[in-house]
Amino acid sequence: MKNQKVLTTNYTKINGDFKGKDILSSEQFDLLSIKKLFSVTGQMAAIAKNARPSDLLKGKISTLLFFEPSSRTFGSFSASMKQLGGQTIEMTISSSSMAKGESFEDTIRTYEAYCDLIVIRHPEVGSVQKAAEIAKYVPIINAGDGIGEHPTQALYDLYTIKEKFPNVNKLHVVFFGELAHYRPVNSLAMLLSLYPGIKISFVSPPQVKLNQEVYSYLKERNIQFQELVNIDDVIGEADVLYVTRVKKEFLPAKLYKQIQGKYSVDKKLVNKMKKESIIMHALPRVGEISTEIDNDPRAVYLKAQVRNGMYVRMALLKLVLKG
Amino acid sequence: MKNQKVLTTNYTKINGDFKGKDILSSEQFDLLSIKKLFSVTGQMAAIAKNARPSDLLKGKISTLLFFEPSSRTFGSFSASMKQLGGQTIEMTISSSSMAKGESFEDTIRTYEAYCDLIVIRHPEVGSVQKAAEIAKYVPIINAGDGIGEHPTQALYDLYTIKEKFPNVNKLHVVFFGELAHYRPVNSLAMLLSLYPGIKISFVSPPQVKLNQEVYSYLKERNIQFQELVNIDDVIGEADVLYVTRVKKEFLPAKLYKQIQGKYSVDKKLVNKMKKESIIMHALPRVGEISTEIDNDPRAVYLKAQVRNGMYVRMALLKLVLKG
Amino acid sequence: MKNQKVLTTNYTKINGDFKGKDILSSEQFDLLSIKKLFSVTGQMAAIAKNARPSDLLKGKISTLLFFEPSSRTFGSFSASMKQLGGQTIEMTISSSSMAKGESFEDTIRTYEAYCDLIVIRHPEVGSVQKAAEIAKYVPIINAGDGIGEHPTQALYDLYTIKEKFPNVNKLHVVFFGELAHYRPVNSLAMLLSLYPGIKISFVSPPQVKLNQEVYSYLKERNIQFQELVNIDDVIGEADVLYVTRVKKEFLPAKLYKQIQGKYSVDKKLVNKMKKESIIMHALPRVGEISTEIDNDPRAVYLKAQVRNGMYVRMALLKLVLKG
């Protein structure tokens, strides 16, 4: 748990105009851009549900360039293009093969010749941002850079929150679990900072607290937030409970053992929650939320959240590729 | 060779109406449904040969979710969607990665949000059927569940038989080889039981005889069948010789050695066959049929059978997705 | 470095008519065919840049059957089909899985049933040519057979040369590096032999000189060429400097150590080149060309060459599939 930098700054702001822009960080978004994105998202949901075939992205090609395996995000982006009649070039490249082969630069320069947009996932923080600097002709979308950011995840998390609670400013959002290595927490917390009335609680073992840079980011923006160890202190007030996966791969074995299973959600905990609240998880989960919760009306992780992921990505692809 | 259950029962019958239904087992089919499917199959063959581009499945997306590697069936389903202007999301997930990652349930729930239909192959008997129970919004097609069933294979095998012999009721079908672990045998034998006049011979080493459940299935339906050890006892009467691969991966080394090479087809055996007969194999073959047979007019495994596989799958996809 | 055969001969000539023909070797091309191909290539470039969606290959399906991993060529062919509205079936099959499984013949016979054309890469010389003999219904395109040929690479290399120098007959082309195991050298040298006025220099360590068969091929055609060890002897005269990758996988460790890094291109070398010259590389590079050269106007490897690869393949696919 060395103090790794997770945020890059000084991005081009979206300012309501997505066309041709890289989508790299939550930091690029203001309320206007979010409003526009979510308005188009509603149209995309309607297409996915009732209005296919769509030719909206016919003739457009996105490359999915994944430098670590992913089934969920990969499938979501692949579906998003195809739902709109677009096509994909799909390539998973293991970091090991990169090591002995050509440079990251040459790979990006090559793929941008083949397509209109590149979606990149990479295990290293900042590498997708680097790809955006390298690419000269096509926009880049960040599908997760190590423990850095995962802005499209955060955007559909926010969309899911707003579906239930149109007025985000009044909410109390509780992040719960291992927060130090979980990129959706970074990206969503940054987005939530656009709502000055919001209250955020970060509940985690002390060893895996919120990333320091994100902490500072929120402080600078005068967001009301607190860090806690015990979920019972806030569970009764939470409008949104955002559960994270304890990332075994990032933790010392001893610490993993201490944490695993202690920051999880079962019926007993859910019973302490408000009737009008929602339980979110970016998935995959490995036991953090008991399956007995799945049919609770407050559980949105397997229903609204997954679907909204595709709708928001459809909207982003549409806006970046065609305006 | 423990006594593993290979059949699940109590499926929703097709009853001539495919739209939105899961395709999990041969048991779902009656003669009416087969007639309808094969009538559409003829139309599909015409499209594949002469009438593309087709927009019949334009805007439709099928996920190919394969939990074990496959090139043949994977390629066949991929082609079937694309021949009709549809699209696919393609994902091979190793069972090992599932073991450490999220649950099968969550994977199915996720992918069904992205598409209109999921084709699943899985190494465990019954898992595709389980997927069908999990999925709430899209139909599931079984592309092989362990040593259980492989209904689409059986359907195109039957189509291939009917192309040559429209009156299936009069046929003598001989299954030949390792029968205990070969799912197409199960599924095809069950389909053939729809024809009360049929005669079936199962020729295999005694250690790898027909599965006991399929045996009972045929008995209950009063199908005339016999189990034999020596192919010479029936080869002269066979209308259909259905050859199987000896599945090394399922057999003790000693038994494999005993069997391998003894249940294979060469020119000498084929010379004992009727002029008007056909030789089938679900492929891949590993030496069970000598390549010297490939150009024999009775050999249909590399010609009609492979092509019919695509046509029947095109028809199934069309009927399930659009009725 | 045993004396492996790298060329097969007696191919069907293109003679200006591509429809339905296999594309296996540079040897199939005459000047008329090249003229036709490059004329269509210009149209394809226009489509890729400004005229999508294109329905030129709508309803056409190409299988990409790669028996060794490739990201660059794989992506280029995938994009080429999709830029024209076509679809692909994509399959990477490791040689090891082929070893235990079915035969190469059965694989080809199977895949040709699914599609209209097969693009094949294979680690063994001559195997793509063998596939073309096996396939009965669809044309085959060679995307690289071991250290043999890579004709589509050579074609877009030639296109890139002609873009800069319409009169190829007057050029001095210098191949530089490890030439014995680099298939694009073979295929491009053969294509260049169509221009009787050309001059070619092969600069390499003596242990990895030009393949003997290609040497004889050029001799028979009375092409003016020389073999050299020292790049300084010709660098000032080169119109085209074609740099190759030292293929570690084909060389004894000791020899690799001797060669690696000595046959590379840096600013000092480039400063000796003519103002009006171009530097090419088939990529991937592993240090043979310093990145400080990338922005030199003579460097075409990351710009024109990659893009032209897609345009030429689009033209080939269009001509072979539709005439």
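First chain written, first letter: the chains are A, B and C, and each begins at residue 1.
Methods note: a contact is a pair of C-beta atoms (placed from the backbone, for glycine too) under 8 Å apart; a residue touches a chain by one contact, two chains touch by 3 or more.
Given the structure is predicted, the values throughout are model-derived calculations rather than measurements.
To overlay chain A on chain B by their CA atoms, one rotates by 120 degrees, a value rounded to a multiple of 5. Two copies of one chain, chain A and chain C, touch each other, and the residues they use overlap weakly: the shared fraction of interface numbers falls below half.
In terms of their C-alpha centroids, the spacing between chain A and chain C amounts to 41 Å.
Multi-chain contact residues of chain A, defined as those touching 2 or more other chains: 90.
Listed in rising order, the residues of chain C touching chain B in the complex are 55, 58-61, 63, 87, 89-91, 93, 97, 100-103, 105-107, 109-111, 113-115. Remark: chain B residues 52-54, 69, 71-72, 74-76, 78-79, 82-83, 85, 90, 283-286, 291, 302, 306-307, 309-310 touch chain C in the complex.
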